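Worksheet: the structure to be examined is printed underneath.
The first chain written gets the first letter, and so on, giving A, B, C and D; residue counts start at 1 in each chain.
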Amino acid sequence: MELFSRMITLTLQLSVPLVLGAMCGTIAERGGIILLGVEGLMLLGAFTGVLGSHLSGNAYVGLLFSIVGGGIFGYLYTLFCLKLKAHQSVVGVGVNMFASGITAVLLKVFWNREGMSDPVASIPNVTVPVISEIPVIGMLFKDQSPYLYLMILIVATVWVVFYRTKVGLRYRAIGEQPFAVQTSGINVNKYRYVAMVFAGVVAGVGGSFLSLSQNNLFVMDMTAGRGFMGLAANIFGGWNPIGSFLAGMVFAVAQTIRFYASDIKIPIQFIQMMPYLLTLFILLFVGKKAKGPEALGKLVK
Amino acid sequence: MSETAKKRSKLKALSALGDFGSSLLSVSIALVLGAVIILVIGEDPIEAYTALLQGALGNARSIANTFSKSIPLAFTGLAVAMANRGGMLNIGAEGQLHAGAMASVLVALALPGLPVAVLLPLCIITGVAAGMLVGFIPGYFKAKKQTSEVIVAIMLNYIVTLFMSFLVNGPFKAEGSVSQTNAISEGLMLTKLVGNSQLTTALFILLAVAAAQYIFLWKSAAGFQLRAVGSNPSASVSAGMNAKKLMIFAMALSGGIASLAGVTEVMGKYGRYIEGFSPSFGFTGIAVAILGRNHPGGVLLTSLLFGILDTGALRMGRVTNVSANIIVVMQSLVILLVSAPEIAKLIRRRSR
Amino acid sequence: MPIIDMRQITKRFPGVVANDKVDFQVEKQEIHCLLGENGSGKTTLMNVLFGLYHPEEGEIYVKGEKVRISNPNDAYKLGIGMVHQHFMLVNQMTVLENIILGNECGSFFLDRKESEAAVRDLITRFNFKLDLNQKIADLSVGMKQRVEIVKTLYRGADIIILDEPTAVLTPQEVADLFVILHQLRRDGKTIIFITHKLNETMEMSDSVTVLRKGVKVADLKTRDVNQNDLAAHMVGRQVEHIVSDSVESYGEVVLSIKDLVLNDKTRIPVNLSVRAGEILGIAGVEGNGQQELEELIIGTMPVRSGKIEINGQDITSKPVKDRKDLGIGYIPADRHKNAILSNFSIIENYLLGYHKDKDYIKNGFIDFRKLESDADRFVTEFNAKVADIGDPISSLSGGNQQKIVLSREVSHDPILVIAAQPVRGLDIGAIEFIHKTLLRLRHEKKAILLISAELSEVMNLSDRIAVLYEGQVSAEFPRGKYNQEQIGLFMAGRTEKEVEV
Amino acid sequence: GCGSSAPTTPTAGPTTPSQSQTAAPKDFKAGIIFTEAGLGGQSFNDLAFEGVKKAAADLGIKYDYVEPKSVSDEAIVQEDMASSGEYDIIICVGAEQIDALKMVAANYPEQKFALIDANLELPNVACYTSKEQEGSFMAGALAALIKQEKATDKVGDGKTVGVMVGVNNPLLNRFVAGYTAGAKYINPELEVLVDYVGGFGDPTTAKNIATTFNSKGADVIFHAAGASGMGLFQAAQEKGFVAIGVNLNQNGVAPDNIVASMMKRVDSSAYNAIETTLNGEFKAGLKVMGLADEGVGLNMEGSNIKLPESVTKKLDEIKELVVSGKLVIPAAIEEVNPFLEANKK
């Protein structure tokens, strides 16, 4: 039971960056923008978060920085995709590379250090008093990162906005048939910009979870592929907020198993492979249609 | 008839030239932005760029090295372009090139007795076969299960590199503290073209593959089918093509070409498989392919540009305090700006 | 005072003057046809009115006031709505969602109930039969068009522009549409109707404006003219009316379909055969198995039950290419989706379907010399307006694209030609040409399966007619046995017995 | 500043006669080529760089450095530096440079090279390697002793300790082998958990490994995972267990939880290479930096965990055994069990 509860806790922690990465992809791609740059956006978020915490001495200001920074980078990303009509997949590759390089350069500028920042104030885990004592569900409220709740809030918000609001309806339509939406008199690009700013914010939060909640510093390339996994989770989840959430959870469970399986006497590489193998097997046996939004990558005037 | 054909090719050449011009403009902007960053960190951009050019093109050896550095990127670029033409995004070139590299080295190590004339082609063929196998999988999933080839390939990248890590730290580990296989015999390695440089006959393999790819895509029946399926699968099926087979074929072919990036690196430069020898050739290949307009000629040019930046960066890093990371930033700016054709237009409009 | 008054509109595209000083007036509460051949500038003019294009010259007055329409929103504010030639609908969403898109009820949250009530109000008022919760992807073309019309009404349009609305409709659907349009006019709406079909213009319009090559050539009251006048204005010459002559002898059976199931639900078997030198017309409202028939014969859909033979050879489980190699020429109903590689050159499009033939492929490589000379010849023979056969086929108008497809499919000496909706969306000239070609092929003793939703086309060209209804043949008869009304009844599912009584 | 303050403190190796540098020629220039992994994350590249920087400060020499992007770049840079003739010494870091250096050093017999962390027998190459296993053995012994002696209330009764390294490679497995051997040498019943982070820049995974280890009962955990190790320290602070740092004195990062750091004095190797060349005492051949030479070893300075004398005394005894050669520490995981068999008490 004790072990089980620890595994749950670990799974929840592992899920945060994956789910947020996936949500970032879902938000962008449902509006028709191909987002291979989740990894880079998250890394930039991780950096701006630490920078904010460093400059202010307050970790929550750091979080705010990652939110604002994420939004700005999301905007710039869209500027390339829409205004400058860059090939969207290439923008992704470029942004990932840019993020990796620029954060390293700035480490030198702000901390005069190579490869990692100084430790900064971080956001502590929380335990909700009474509720955490309840058996089973209590685990969800015991020693958890506040980001977990932020993540759930984001998933819920995206779902509500997508499926319960006017802008959500329009936005989903944009991803399928932007010309139809445009002839309804809606400024398609404006919606895309706004959505991408939010996608950037979500990526930023996902990044600062790594640097401010899980850790208390920035390390070069510290996202370590989580953005790509998030992107995969988004596709796996069918470009849908709930699907992305569940897919992120599945990946997180696979990773949890990886941590607990490390004493099994098989070469570590095979254990590290497990999350990826598991995903492949699920795809093979469950089968998942690769049908994304119809207008993915399509621009309007 | 031949008159119109001539006119046609002239027009094509002109528009290609225009494309090239805009790309150059974008590269210049990236360099200007890079110069600003260099200034900000308190270095002299002119000195830095001089070093960059000298390092990349200063003498025969550096030119040779520049070519040699562009070769793996050209291979992955060609690979991604091949898949793109077939309507597939091959994000798995990284895994494919690792598989190819390992396979060729293992064959070389397993059959040391064979004469080079037999063994070398055998190594290359095995490497290509391994790459094709890894490329085949996402193609197969896509054709049979309609799973996104992107997600399968991302997973495969991790799986393949981890598996190679297992091989190189387990059964095929060499003595010493580096994760690498034993060295293959020196005679087996690709011949150097310019002394003391890293340029080998891999260049000829590349040129042959690029030419073959061009001829295949635009002159052969199979290439036509591949492009047709990539551009309009349902029309292709109605015309009697086997779209699924062609999708798998495109990915396998792409994997085979990507593997050559790995094969020529290990057979040409290292003489063994070294863990982590590829600095993301596979991912950069996506940019190379698209910036090269999925055309072999464009891919070769783009990869050469990347080769210049990569090689020049080494000297720039040495003689100035411009760190490797700033070079990464500059390269990413080149990718971003070259991918955005509108930038050139915007600037021309402004300057008018 | 005209409700719409466009004066001296000029709109240029690189190399073309799409509208050249066009004057265009529409009176309130009339149905006004905008007539013209392909490329004559009809869509361009209406896009100007709807705010999608901005003219280089000219003024627009709406309800007497000079206006500037810079985007569709402006147009809607003036009460102008437009149904585009290519539907602007989101396939993955429901009818309701598509209608309200951009004008939803609710402040921030979507008030589905209220939106639904508003739309329901509208559709009952105009008597539209629409299931609001169906997905667009599951609707027939006619239904989709209805959704488009409701969309404009929902936005408060009282001037509704329809761009070639009948091009893709079945006769029944066309009739239904006309009922709706008349009803709308009665309700005070003004309708602008773009078409190049003369009979429709005659049947339902009050006045007509004719464009030719970007210039307005006539403003007419419908009651004062006849079809021939209109055709002459439109094309600038008199137009032939093509009707098949009768043939005494047919050859052997070329295509034979035995107990083939088209509809997996009803599972009623279909038997058909086409002889050499014969045109078998398949009439019927679209969606009654035409698509399946087409695909089952060509092989892009697997046969579940039944048998298909060509010249006595069983092809039921042969792959597409093997079937085509037996000599099938195939003109699919959806040419963009199934017959064309749009960003490929015209030359390369001639290779599509012949990508393994010895004529063009030598040792696995394309014989461009042969291909280009054939392409050149076909383009000339079929009178396609092509600047350079190396240009992408997408640079051609639809009519010329169809000529390329047709020439490709019939020039390799096929024994059977399947022509599905071969003239859909084309103008008079092109239709003339394609119909003549089909008749020529018949004289050359080809077997022809003509699938068309255009009843007049089937009646004019076919030697025998089979009517499809819900995946089965509701009647099969020689040409001339029944008149248009009777065939209409078969299309609605009546049997021959019922109709003869 | 914690980890960062450390690099400024290391006194360059024991071989520093500080008088000889007064007449340093102004134009003495060193070139340093790092591994493809580059700077950052307190790796041996960073350590070597510290040595060079210190030499520049102490001896007034100039230096250029290059971070190659791939292994094949290393050969290009070596060749480029050697052919320029500008450098009095070219320092190559990492065993992955051996293949390239074999060629380049042979082609430029006049050029002096230093190779750090690997051995190459050429007349113009001075090589420096470290016995990481010896230092790690001390770390393992320390872990076992802390538990045995209950040296701090941060450890419990369990019989588990842990070690994580960046990736699974022969070099890092020396740390694993040494640590495991050290812990079991003291207490054969201890279970040593081992895991590989999968990279040197992923503190998050390292932290998850640490908490997982801790949930399995491990309460002294050692790392050799570069910047990933920061995740271990974070976990140690949150969960309240004991960690051991690596390479340089990391104790200041979390003084309440880091009991010691296993020092690896690559900096003094680099310093030594420059200094000897400057003094005209360049000597080709291999210098192995083990416990005996203070090339590796434990550093407890700056930790708030005060070890009882019982522990420190025992550590000194063990160190003596290793230095004297009585204990030969295994450098590979396969050799650990034979070692333990042979040294059963």
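The working rule: a contact is a pair of C-beta atoms (placed from the backbone, for glycine too) under 8 Å apart; a residue touches a chain by one contact, two chains touch by 3 or more.
Quantities reported herein were computed from a predicted structural model and do not represent experimental measurements.
Asker: Where the centre means the average of the CA atoms, what chain is farthest from chain A?
Answerer: C
Asker: Give the chain pair that accounts for the most C-beta pairs in contact.
Answerer: A-B
Asker: Need the CA-centroid distance for the pair chain A / chain B, whole Å please.
Answerer: 29
Asker: Please report how many Å separate the Cα centroid of chain B from that of chain C, as a whole number.
Answerer: About 46 Å separates the centre of chain B from that of chain C.
Asker: Once you find the CA centre of chain A and the CA centre of chain D, what distance in Å lies between them?
Answerer: Averaging C-alpha atoms per chain gives centres 35 Å apart.
Asker: Round to the nearest whole Å and give the separation of the Cα centres of chain C and chain D.
Answerer: 76
Asker: Hunt down the residues of chain B that sit against at least two other chains at once, touch-wise.
Answerer: 165, 169, 323, in rising order.
Asker: Would you pick out the residues of chain D that each touch at least 2 other chains?
Answerer: 38-39, 168
Asker: For chain A, write out the residues touching at least two other chains, lowest number first.
Answerer: In chain A, residues 104, 267, 269, 272 touch at least two other chains, as defined above.
Asker: Identify every two-chain combination in which the chains touch.
Answerer: Chains touch in the following pairs: A-B, A-C, A-D, B-C, B-D.
Asker: Taking the touch rule as given, give the residues of chain B at its contact with chain D in the complex, in rising order.
Answerer: Residues 55, 61-62, 65, 68-69, 165, 169, 173, 176-180, 183, 196, 198, 265, 269-272, 274-279, 310-311, 313-315, 317-319, 323-324.
Asker: Once bound in the complex, which stretches of chain D touch chain B?
Answerer: 31, 36, 38-39, 64-73, 75-77, 79-81, 83, 94-96, 98-99, 107, 117-118, 167-171, 174
Asker: Touching chain C in the complex: which residues of chain B?
Answerer: 1, 4-5, 7-8, 215, 219-222, 224-225, 227-228, 231-232, 234-242
Asker: Inside the complex, what are the residues of chain B that reach chain A?
Answerer: Residues of chain B touching chain A: 37, 41, 89, 91, 141-142, 145-152, 154-156, 158-159, 162-163, 165-166, 169-170, 283-284, 286-287, 290-291, 323, 325-333, 335-336, 339-343, 346.
Asker: Which of the residues in chain A come into contact with chain D in the complex?
Answerer: These residues of chain A touch chain D: 3, 6, 10, 13-14, 17, 104, 107, 111, 113-116, 118-119, 122, 125, 210, 214-217, 219-222, 224, 259-260, 262-263, 267-269, 272.
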